[in-house]
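In the two assemblies presented below, chain A is common to both, partnered first by chain B and then by chain C.
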Partner chain A sequence: MARIDLVDLAHSYGGNDAPPESFALKPVTMTWRQGGAYALLGPSGCGKTTLLNLISGIVTPSRGKILFDGRDITPLSTQKRNIAQVFQFPVIYDTMTVGENLAFPLKNRGVAKAEVNARVKQIADLLDLTPYLNRKATRLTADAKQKISLGRGLVRSDVAAVLFDEPLTVIDPELKWQLRSKLKALHREFDLTMIYVTHDQTEALTFADTVVVMHDGRVVQSGTPAELFDKPAHTFVGYFIGSPGMNILPAEVSGHEARIDGHVIGLRRNYGVLPSSKKIEIGVRPEFVDVAAPASGLLSAAIERIDDLGRIQFARVRVGNAKFAARVPPGFSIPGNTAGLIFNPAHVHVYADSQLVEGVA
Partner chain B sequence: MDKTVNQKAWFLVLPVFLVVAFSAVIPLMTVVNYSMQDTFGNNQFFWNGVGWFKELLDPSTDLGGRFLASLGRNLLFSAIILAIEVPLGIVVALSMPREGWSVAACLVILALPLLIPWNVVGTIWQIFGRPDIGLLGYVLNHLGLDYNYVSNDVDAWITVIVMDVWHWTSLVALLCYAGLKSIPDAYYQAAQIDGASRWAVFKAIQLPKMNRVLLIAVLLRFMDSFMIYTEPFVVTGGGPGNSTTFVSIELVKIALGQFDLGKAAALSLVYNLIILIVCWVFYTVMTNAGSERPAKEGVA
Partner chain C sequence: MHSIPGRRLIMALFLVFLLLPIYWLVNMSFKTNVEIVSTMTLWPHTPTLQHYKRIFTDESWYSGYINSLEYVVLNTIISIAVALPAAYAFSRYRFLGDKHLFFWLLSNRMAPAAVYALPFFNLYSAIGLFDTPWAVALAHCIFNVPLAVWILEGFVSGVPREIDETAFLDGYSFPRFFIKILVPLIASGIGVAAFFCFMFSWVELLLARTLTSVQAKPIAAIMTRTVSAAGMDWGLLAAAGVLTIIPGALVIWFVRNYIARGFALGRV
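After this line comes the complex of A and B, so read on.
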């Protein structure tokens, strides 16, 4: 049970002298509060597993410090950090029964037998593993094995945080939901800090109360799922989260107006004059742009196809050469191959060199 | 449409048939034929039925006594070298580096003894152990140890065993190393997180994961040591006395030394049968070990 602080933490597999761009994890400073459910979200190779391994102590950072409850644990080995970790592929001690697997971390720490049995029984109950306690663990299904891996972390009463490294990769889809709700229930019950690495946005958004989005070794945004959706701090977040992702179009922005190919789109905030050296783009989620019949006041777009997602329809269009997605209002039928786009000014964001620009209200 | 009758197709099978016949069936049948007869030379054969087989299994006869004694020696030899080579191979594999240039260096050094022809290995140790000109024998004798593999049974056994360990431990080590390399890093990381000691990691992860390669290693080493001929023959010639006469050496003595083709053929068949049975037992054990699949029912 601990608050975790990362202080200027960075890591390069090429050593500390490697050029800054090559760092697998660029310097990051952030605080994870005790009892929080965090998700590290990002594509493969974005540094999320590196960050996780730094926290668990499997990898020693090139730079910076990690504090658990204010105590510097950077030089401590994995054993001494009181961390539990669930790996991508279930790690099971083949020759042991489920019960012996669960007891293993306690036995290694010399816990008295009676206490071991009590803990194992309690955790097995929680994870619904009781009927399997005396079975060989190798013969169980992948989701049961992942539960055992998790259980080995939970049996220890001193766990500071539970780390998950894409733990549902090998689980059947219908069981993923069950296991994820189990995790949420455990989180509520134990008040544990949980850190969950994944590249699946649904997993991240449903599991975590704070999602940390990583891109190219950097933390680009950390916030609640709603924040990530409504106000992406980086074009990558906008694009990566949401399906379809955020539309991003190059534009000229001044004051309350964005100009795309001479067409003016109104903005809610005043952006003044932005530096001309930066690449200026506007970003808007497909949910906040409606297609309409072409009209002189609307940005015109060429319709390529309509994706019917059941609950909602999205039109895939082109604005100039850029691909764009927009909502098809219920009951609207498209007259031809071209359409006009109606923007919701409250949800149009401005980005300079991919970073969100906060306008003045 | 009627089926075309084309007996020429049989000709396609003929090459295989001939090869198998000449390479396996005919030689084997010749041996079976010999094993039922006795010969006094000059290609004169006399029917003996299962006489030789009865003698083979009866220790009171000359043939049976020699066969069973050499079989006993051979089993003892196999047991000793397995008891040494398997644990030693595991230790060597565990202490080998995991990455870097030293991996290649270790592999080459380990592979060297395996690449030396068997009778060269025998010659090396024959000379190495000689008290007059051999480095090992000379040094041991000058250290006050009375070591002479030509006259002392125990010394002869020690020499043959050490030679086999030197020659073949590498094979076990290489197989174990391959087994160890196939263990994903996550297992070691999980064990670290679970606070496992070095010994616990070995017992809970490494040994179970090496299970299958170890079975193969034991099978290969048992078979090879059970059929051993060249090395002890070059070093001790089966002596002193009969103390290092293993089954194959006895067999060659009977077949080529005494030219008792009938006895030798019967011995060959029994020898062959023992090896086949042990192979089959190993095969069964291995396939059973591999068939442990996860149960189908879900655990929710």
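After this line comes the complex of A and C, so read on.
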């Protein structure tokens, strides 16, 4: 159990002299709270696994430091770091029984036998592995093997953190839900710091109380699921989280107004004059734009199709050349192929070079 | 299933073809020398165990088996002990020239043993290793280590890297991981590699004969020197041949399942 601080941590597989853009993990400074449930979210290849392997010590960072409770553990080997990690594919010791597999991390650290047994029993019960305890771990299904991997990760109560590297990839969707809720329950029960890597936003948002979004080797935002949804700090976050993702449109912004193709959209905050060298965009979630009959005061859009998600309908439209999604209000029917868009000013955000710009109230 | 006409007959012929020389050897080993040279008999008419008795009681014969087993076992142990860490390194680490080194190791096997006979003879004579089991065991390493590295590398690569990482996370040091986790996981690979080392070393004659004279003379060398003033001792030679086949057959019997798995899993 520990607070984990990353201080200016960066890693390149090409060595320290590689050009900065090629770093798999660009310099990051952040803190992982003791007892937090974190999800590390991002597309494949964005550096999530690298960050995880740096924390567990499998990979040694090119630059920067890692502190556990303020103690620099960067030069320590994996073995000495007191970290548990669960990988994407099941890793089991074929030559041992399921019970021995679960007891293994405890035994290696000299935990008393009675405590080992109690702990193994507890974890096995939680993961429904009790019937298999005395069986050889080989020749089990992939599901069961992955449960053993999870169990081995969770069996130690004193770990600094448990790291999960997309652990539920090989598991059936039905079982996935169960296991994820079990992980949550375990998290509450044992006060463990958990970092859960995934590229699935549903998984991230349901598991974690803090979601850390990564993009192209950078941590672009870290916050609660609600924060990520309401106020994405980076256009990538807006686009990546939510289904459909946030609409991003190039615009000219000055003061309380955003101008798109000469059409004016009101903003809640005052943005003053933004530097002209930066690419200025506005972002708004489809949930906060309604389609309406075309009218003179509304931004007009060409409707391409309507997606019915059951509870809600989204219109896929084009504004100029840009793709755009907007909510279809209940009972609304579209007379033609064009529609007007009604923006909710409170939820229109302004981005300069993809970074959120905070206006003045 | 479509059956080939006469398949039983073909199979039977094939088996006879394979087994006939072995049968003939066994057959001869139980005959008296008189019977061997005078008539052709399909089975021993006056069966005798005198040849076997001679081998087991005459030191110049049975010491040949002991010498052979000595250097074969030594060689197998050395080869596996050296090849295991090498195979792990080739499988897990990227280092400068690793692929070239791997190929170069393998290319050692491509030279005929005769190429090495002279340098080994001279070298071992100079440092006093000549005519010891160590001489032959070390000489055979030049063929067996590359082979073992090559076989074991395939098996180590079949073990996911995450196993290593998990073992470290779970608190194992590298040596403990290597012995307690990795070795059991690739046990069948080690079995296969050991088998090949054993077989090669057991049947190799040229180096074994060149590097020994009296003290460490292998059985195969003794067998080629049985022409005496009284002529050829056929029966004795046949009995020695039968006894030479037995260790190989035993080893194959013990590792046959491993080899099947080895074929399915990795190299070989």
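Just a few scattered comments:
In this text, the second predicted complex is superposed on the first by the 353 of 361 C-alpha atoms of A that agree within 3 Å, B and C clash if a C-alpha of one lies under 4 Å from a C-alpha of the other, contacts with A are read in each partner's own complex, and residues count from 1 in each chain.
By our rule, a contact is a pair of C-beta atoms (placed from the backbone, for glycine too) under 8 Å apart; a residue touches a chain by one contact, two chains touch by 3 or more.
In this text, all values refer to a predicted model and were calculated from it rather than measured experimentally.
Superposition model on chain A: chain B and chain C are shown in a clashing arrangement. Shared-chain residue A:Gly42: touches no atom of chain B or chain C. Once the two complexes are overlaid on the shared chain, A:Leu175 sits against chain B while remaining clear of chain C.
Within the superposed three-chain model, A:Ser56 lies in touch with chain B and with chain C [touch as defined at top]. By the document's definition of touching, neither partner reaches A:Pro167: not chain B, not chain C.
Of the two partner chains, chain B is the only one that A:Leu140 touches; chain C does not reach it. Contact with neither chain B nor chain C is seen for A:Gly283 once the two complexes are overlaid on the shared chain. More residues of chain A are in touch with B than with the other of chain B and chain C. When the shared chain is aligned, chain B comes close enough to touch A:Tyr132, but chain C does not. Shared contact residues of chain A, touching chain B in one structure and chain C in the other: 56, 58, 77-79, 83-85, 87, 89, 91, 93-95, 104-105, 108-109, 149, 152.
The touching residues of chain A, counted against chain C in their complex, run 56-58, 77-79, 83-85, 87, 89, 91, 93-95, 104-105, 108-109, 149, 152. Residues 184, 186-187, 189-190, 192-197, 200, 204-205, 208-209, 292-300 of chain B are the ones that touch chain A when the two sit in their complex. On the side of chain A, the complex with chain B involves touching residues 56, 58, 77-79, 83-85, 87-89, 91, 93-96, 104-105, 108-109, 128-129, 132, 136, 138-144, 147, 149, 152-153, 175, 178.
Contact residues on chain C toward chain A in their complex (touch as defined above): 160, 162-163, 165-166, 168-173, 181, 184-185.
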